[in-house]
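Accompanying notes for the structure given below.
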Amino acid sequence: MSQPLRHQLYTIIFGTDTSAGKRFDVVLLYAIVLSVAALMLDTVVVIQERWPGLLYRVEWFFTILFTIEYATRIYCSPNRRKYVLSFYGVVDLVSIVPTYLALLITGANYLLIIRLIRVFRVFRVFKMFRYLSEANLLVRSLWLGRRKILVFFLGVLVLSTVFGSLMYLVEGPEYGFTSIPKSIYWTIVTITTVGYGDITPHTVLGQVVSTLAMLTGYSIIAIPTGIVTAEMAAELQREKTLKKCTNCGKRGHDSDADYCKWCGAEMV
Amino acid sequence: MSQPLRHQLYTIIFGTDTSAGKRFDVVLLYAIVLSVAALMLDTVVVIQERWPGLLYRVEWFFTILFTIEYATRIYCSPNRRKYVLSFYGVVDLVSIVPTYLALLITGANYLLIIRLIRVFRVFRVFKMFRYLSEANLLVRSLWLGRRKILVFFLGVLVLSTVFGSLMYLVEGPEYGFTSIPKSIYWTIVTITTVGYGDITPHTVLGQVVSTLAMLTGYSIIAIPTGIVTAEMAAELQREKTLKKCTNCGKRGHDSDADYCKWCGAEMV
Amino acid sequence: MSQPLRHQLYTIIFGTDTSAGKRFDVVLLYAIVLSVAALMLDTVVVIQERWPGLLYRVEWFFTILFTIEYATRIYCSPNRRKYVLSFYGVVDLVSIVPTYLALLITGANYLLIIRLIRVFRVFRVFKMFRYLSEANLLVRSLWLGRRKILVFFLGVLVLSTVFGSLMYLVEGPEYGFTSIPKSIYWTIVTITTVGYGDITPHTVLGQVVSTLAMLTGYSIIAIPTGIVTAEMAAELQREKTLKKCTNCGKRGHDSDADYCKWCGAEMV
Amino acid sequence: MSQPLRHQLYTIIFGTDTSAGKRFDVVLLYAIVLSVAALMLDTVVVIQERWPGLLYRVEWFFTILFTIEYATRIYCSPNRRKYVLSFYGVVDLVSIVPTYLALLITGANYLLIIRLIRVFRVFRVFKMFRYLSEANLLVRSLWLGRRKILVFFLGVLVLSTVFGSLMYLVEGPEYGFTSIPKSIYWTIVTITTVGYGDITPHTVLGQVVSTLAMLTGYSIIAIPTGIVTAEMAAELQREKTLKKCTNCGKRGHDSDADYCKWCGAEMV
């Protein structure tokens, strides 16, 4: 029973069930990581001076490789429109376009803008996540706690606004607190316990207020931990209890349940 | 069935059940955020120089808007005294008064004091919380653990006093530890793992003591997390165990259960 | 039924059941906090210059007060030897002796040493804990997890030794890593995420190693949290289950137990 | 019943059941810690100048001691090959070889390389873990969560790449962001909340992006905590649920239970 080339390519490129499909995915993964590494090393002055043009050629090698991959994906896709408009279809396109754009738009003044567009090729890395099923629990835990985390961040922003305004009044422009937005930047540096030290309080009152800000940050650092831990524990519990009622078909019963909690039928 | 204007206004301004009431709340929310943003941008020197007077006019626009809102709230309130003396009534008043005060109290010397009064308008942001019901679980978890958190902070203060006094003796004024209160400020910067680096230990003994302070901070950072996580888990559990089966009398049902999971009887 | 003075004093000073005993404790608490505050403010140069001698008199006022308290405690104690040799008996003595010692040992050269002895008066603050029963759960949770925390700290020290030695080799003395002990100090500053920035990596390899150290620190910061959270949850659970078997008298049963798990007798 | 010397030595050196075996382990532990301490103090310039040659002799004393220990271990081992090729066998050898190597490879130019080899003697510290059984729960919790932690670190690296590239574009080389790898170093310093302050954002847009990076770091700091806490709680739970009642068949008994808490039958 012979398979047409298009279907065979589809199982290799999109599928992960055959050994050829698995090998393709691993090779692609290495190619993505290498191309991103080359892109990053391109900005190191020492490397640019010692091997001029090397990383430019590496860049083109990977761009042509990914262009072939993109063309093949479109060719063998059963629903081409769906693939092109899907999230990974757009990412695949966006990760090859900037190198070609750099050819068309020349001129010294545009160099910085082109560089900015090329950075979007970093999104190639996101394609890696297609290969990681372990990320699911973490992402789901964050997703379930998203509203609580959002409210938490709103609270942090309000706190930062209050502390930032206070510090702007207490310390003033002569000690680096030149405006309220800059004071808010300082407050977030302090509350998140990053503490660069580029702006520090110099007056006694300012040091008292920063002490309060630090202890506040130290205390509320517990809240996202509490949210994520609670959601993760609940998610792990849910996985264990994928018990399904044979009568109403609903899932989500406790492992010690004898009767369905929605329809009352005895559980097997 | 015609409604008098006062009652109609009341359902729009205070209520959130009608679509008009919801739209009013969203518009008000944007107005609050915009007015606070204008207040903060007013302190940025670059903006003040490029558009002189712009933010002053924005300030007056929002102040008049909020004055009309405050007057309407008093007008349509069924119990006027109660509203004026309530927390949000006071916040509504305090957030418009400073701009008018700045007109009355003129003179170059008073400018700084007026600025200080105006900062209280930042409290407008707090009005946002009226619209966030998700904040309840977080606030309740913190509230239930308030005594433990207070004791924890007392412990942190005692530890800071001991470490601060020790560092003042070990390092002394020549390395920035000019007094015990300043050493305590340094200790809190260290224990909360903020670590500005404006004051750092220079002697060998001082570095040993700071190492101990850091490891202590690293260890006790776990305590508020433990408190909040435990309270949050207990709160989630409590929501679950409020339901009791009327047939077998057992508790511990999920909040969405329709039938008892142990005896199969319908839950009320 | 008249009580002798000694017993009456005992119930006021040592007891907390009578209203007089409670009032005494609160007054003592304020006196301790005030005397420690005076001791700390004594090191601030500005205060010393503006009010010379003031804090010296405050110091003596509290020392005499605490001496009277100490003498009364010995007088009214039923078992005098036991009180004097108890932890708080020694703390009470140590917190008044340094001021008297400063009188006997005079001379400009000894001033610094006397200051060192006086700092021990900070331990007065520890007496506060006698009045805080809420601290029990926190202290017990830490105590139950003490072996795990000790092992964790040993692990942190070994990790710091390895990373410190590595950084000493990679960065070397020219970038501030002048010796292995100093490199270990830097590693602990980094792993605990304090990050003063007084010593920072300058070579590429050094920045790679520090990145590893930071991610390690970020990862193991979770371990003490896990220990404390687990112990605190277990401790809260234990408090709820102070159910006692009427047959064998043992405690520690689950709240849903119908039979004693040690002797098999039915639980009431 | 006389024992041959070889077996007697084996029970002392490898075993921990006899009092002689325990005493040997404790002495060895102190010897390891002292030799590592000597190695580290050897790099402090002040000590080298005051006591020249002292630490060199200490170094040789411990090397000869550990050589004798290593020879005895090989002599009395029942399966010599297995011991030599085991993890601790290799560690035992690697911790004595560098000092002998330093004799053979002489010359001023090689000094630094020899120092590098000697640092491997720090691995002696790892031998300490042989004596700590408490480390098991911590190590097992980390081991069970290893896949989730790995995925988490991959996510952190991708995030750092994105934020690092963004900051390189926004801030540029004039403010210290000289290349994308260096920007990634800065991002990890920021996300892990270490915050050295050797590179800090200076433009307004850069400060906005760093604020986002900090809040991201503050939020995802919760994930490893959640993983470790969940695994640790599950591990403690597993210890509890390994016991099953032979009468009613229910699980979930405490590890110290003698009778089933549901049916009252004696537990085996």
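Annotations for the structure displayed:
The chains carry the letters A, B, C and D, assigned in the order they are written, with residues numbered from 1 in each.
The definition used in the following text is that a contact is a pair of C-beta atoms (placed from the backbone, for glycine too) under 8 Å apart; a residue touches a chain by one contact, two chains touch by 3 or more.
No experiment lies behind these values; they were computed from the predicted model shown.
Chain centres were defined as the mean of their Cα atoms; on that basis the chain farthest from chain A turns out to be C. As for how the two copies chain B and chain C face one another, under half of their interface residue numbers coincide. Chain centres here are Cα means. That of chain B falls 41 Å from that of chain D.
Centre to centre, using the average C-alpha position, chain A and chain B are separated by 28 Å.
Chain contacts: chain D has residues 181, 193-197, 221, 225, 227, 229, 233 touching two or more partner chains. Residues 147-148, 150-152, 154-155, 158, 161-162, 165-166, 168-169, 178-181, 184, 190, 193-197, 200, 204, 207, 210-211, 214-215, 217-219, 221-223, 225-227, 229-230, 233-234, 252-254, 256-266 of chain C touch chain D in their complex. The part of chain A that touches chain D in the complex is made up of residues 36, 39-41, 43-45, 115-116, 119, 122-123, 125-126, 128-129, 132, 134-135, 137-138, 141-142, 149, 153, 156, 181-182, 185, 188-189, 192-198, 221, 224-225, 227-229, 231-233, 236.
Interface of chain C with chain A (complex): residues 193-197, 225, 229.
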